[in-house]
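Following: one structure in structure tokens, then a few remarks.
Chain lettering (A, B, C and D) follows the sequence in which the chains are written, and residue indices restart at 1 in each chain.
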Amino acid sequence: MMLRTGFVRASGYAHKVRRVLFAVTRKKVDPKEVVRAAGELNQRIFEKLGELGVDKDDVIRVTVPFTIEEGTIRWDYEKLKIEVYRKSEERNLALAMEEVEERERELDERIKELEELALHLKKTSEEILEKLEELKQEHTSLKLRAEG
Amino acid sequence: MMLRTGFVRASGYAHKVRRVLFAVTRKKVDPKEVVRAAGELNQRIFEKLGELGVDKDDVIRVTVPFTIEEGTIRWDYEKLKIEVYRKSEERNLALAMEEVEERERELDERIKELEELALHLKKTSEEILEKLEELKQEHTSLKLRAEG
Amino acid sequence: MMLRTGFVRASGYAHKVRRVLFAVTRKKVDPKEVVRAAGELNQRIFEKLGELGVDKDDVIRVTVPFTIEEGTIRWDYEKLKIEVYRKSEERNLALAMEEVEERERELDERIKELEELALHLKKTSEEILEKLEELKQEHTSLKLRAEG
Amino acid sequence: MMLRTGFVRASGYAHKVRRVLFAVTRKKVDPKEVVRAAGELNQRIFEKLGELGVDKDDVIRVTVPFTIEEGTIRWDYEKLKIEVYRKSEERNLALAMEEVEERERELDERIKELEELALHLKKTSEEILEKLEELKQEHTSLKLRAEG
């Protein structure tokens, strides 16, 4: 299989690697392993970017083949490829990617708020079930959880 | 401590014992133990009712002291008292308790429907959280569950 | 049609009339009309109980025929019947009805708590939809409410 | 005020205009007016893009000043500016914007699924309140909706 980040600002490659890896391995690999493997690859990319003198405002594109063996992701580092598009040369690309990053930050904020509401919702629905169980215990003849 | 069922139709003593035991031991005893202890006492009451020749339409009142020792309910069977009010002698009482039982059956039905909706609700709120987690994995930089 | 309260403490006849009227007219009459008609009948019963010198601890049983005409409940007051069971004569019945009233008060408390949670739940689910709509407006190409 | 779409594929300008307009006028203008004003501007942009011979794969950037008068958005068409970056000249920019569009389509799909779950959730919470109201009517003395 192949991981392709597509165009991404150097400043944001790590999250992009992880997102794309989640998408491409969806339902095939445990999320913890995706997080681990992304972290491992990102460390390698980080070193390479240093060697290449890439700036955070430059745009890069990473491709790397990998295999999944018994639930573990193995990167073929030999074939890791990093393309670099310097801001000084591809100014519009760099600016466009900056805009994309800004919109992603806003999306993150929205999703975070949604998640807080959804967690609150789950808590409330559990409280309702708890109250119903107590009501069943003291006011009904219905089968209780404790009767399994 | 003392368990007092109050007036109850003989046909419904077992559920009444359990309900009252839940109410009187609330938050002090594990629900499983309440269910077990109620079952144990109900067996004893069942035998006594047989000995006394009590009919399901008669009304009874049970009182029995108990202690809670290390989370376990111990009945003081020596002091178990069962008062019997024969339908032939206390007709209005018997009829009133029949009405109470009928209304409790209707309440049971309502509570059961509510519980089904509440379980459905919990499932939906979990699905929403699941979808949000997938969305976070593939579209955001937010902290994931797998990062614990 | 016939409204039959069954046995009820004189102190609690008004709520019992309303509950039974709701049950017997279910889905046939607007709730506001049920509340109104119960209030009207209860006023009449109140006067009769005064005339009869009924005490709040006595038990009564009310029956009264009624018709539903164009959504309005009309009581046949000519046939209103109130049976009275004095506590001094039917002591066990009076005590049993007292117990029933006490348990109903506890049930009320539980249902009230459940309702507060359910209202909170509805509010949270509406907030989630609101957040999703904002997210759709600013981050997606999906059809919006405003496009209705 | 100023609407700036930032870089966007010509194929997707209309949705981008709307999204940005929602973001920039947030809480200041009724959503229906945002939809209307975006539609109006998009029609004008559409005509201009035809005149300019812009292809759907080209990237554009639109800026236009506007005012809000009594809740209505008025575009200053005199100052409408459309910058065009032909794919033939800015290939990487065009490819990057294609990737962005693809990811947005996936996000749309996710948000749509979330919304369906949230609507389902709202329906369930309303059903729970409805069941509770019926239970209150027939089994409690609690204040009902019909009592206002």
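Convention: a contact is a pair of C-beta atoms (placed from the backbone, for glycine too) under 8 Å apart; a residue touches a chain by one contact, two chains touch by 3 or more.
Because the structure is predicted, anything quoted here is derived from the model rather than measured.
Over half of the residue-numbered contact pairs of C-D are shared by just one pair in A-B, B-C or A-C, which is A-B. Simply put, of A-D and B-D, more C-beta pairs touch at B-D. Subunit A and subunit D have centres, each the mean of its CA atoms, that are 25 Å apart.
One simple way to say how far apart two chains are is to compare their mean CA positions; for subunit A and subunit B this gives 47 Å. Rounded to a whole number, the gap between the C-alpha centres of subunit B and subunit D is 53 angstrom. Residues of subunit A found to touch two or more other chains are 23, 106-107, 111, 114, 118, 121, 125, 128, 132, 134-135, 138-139. Remark: subunit D residues 103, 106-107, 110-111, 113-114, 117-118, 120-121, 124-125, 127-128, 131-132, 134-135, 138-139 touch subunit B in the complex. Remark: subunit B residues 12, 15, 18-19, 22-23, 26, 30-32, 34-35, 104-105, 107-108, 111-112, 114-115, 118-119, 121-122, 125-126, 128-129, 132, 134-142, 144-147 touch subunit A in the complex.
Subunit C meets subunit B in the complex at residues 6-7, 23, 59, 85, 90, 92-93, 95-97, 99-100, 106-107, 114, 121, 128.
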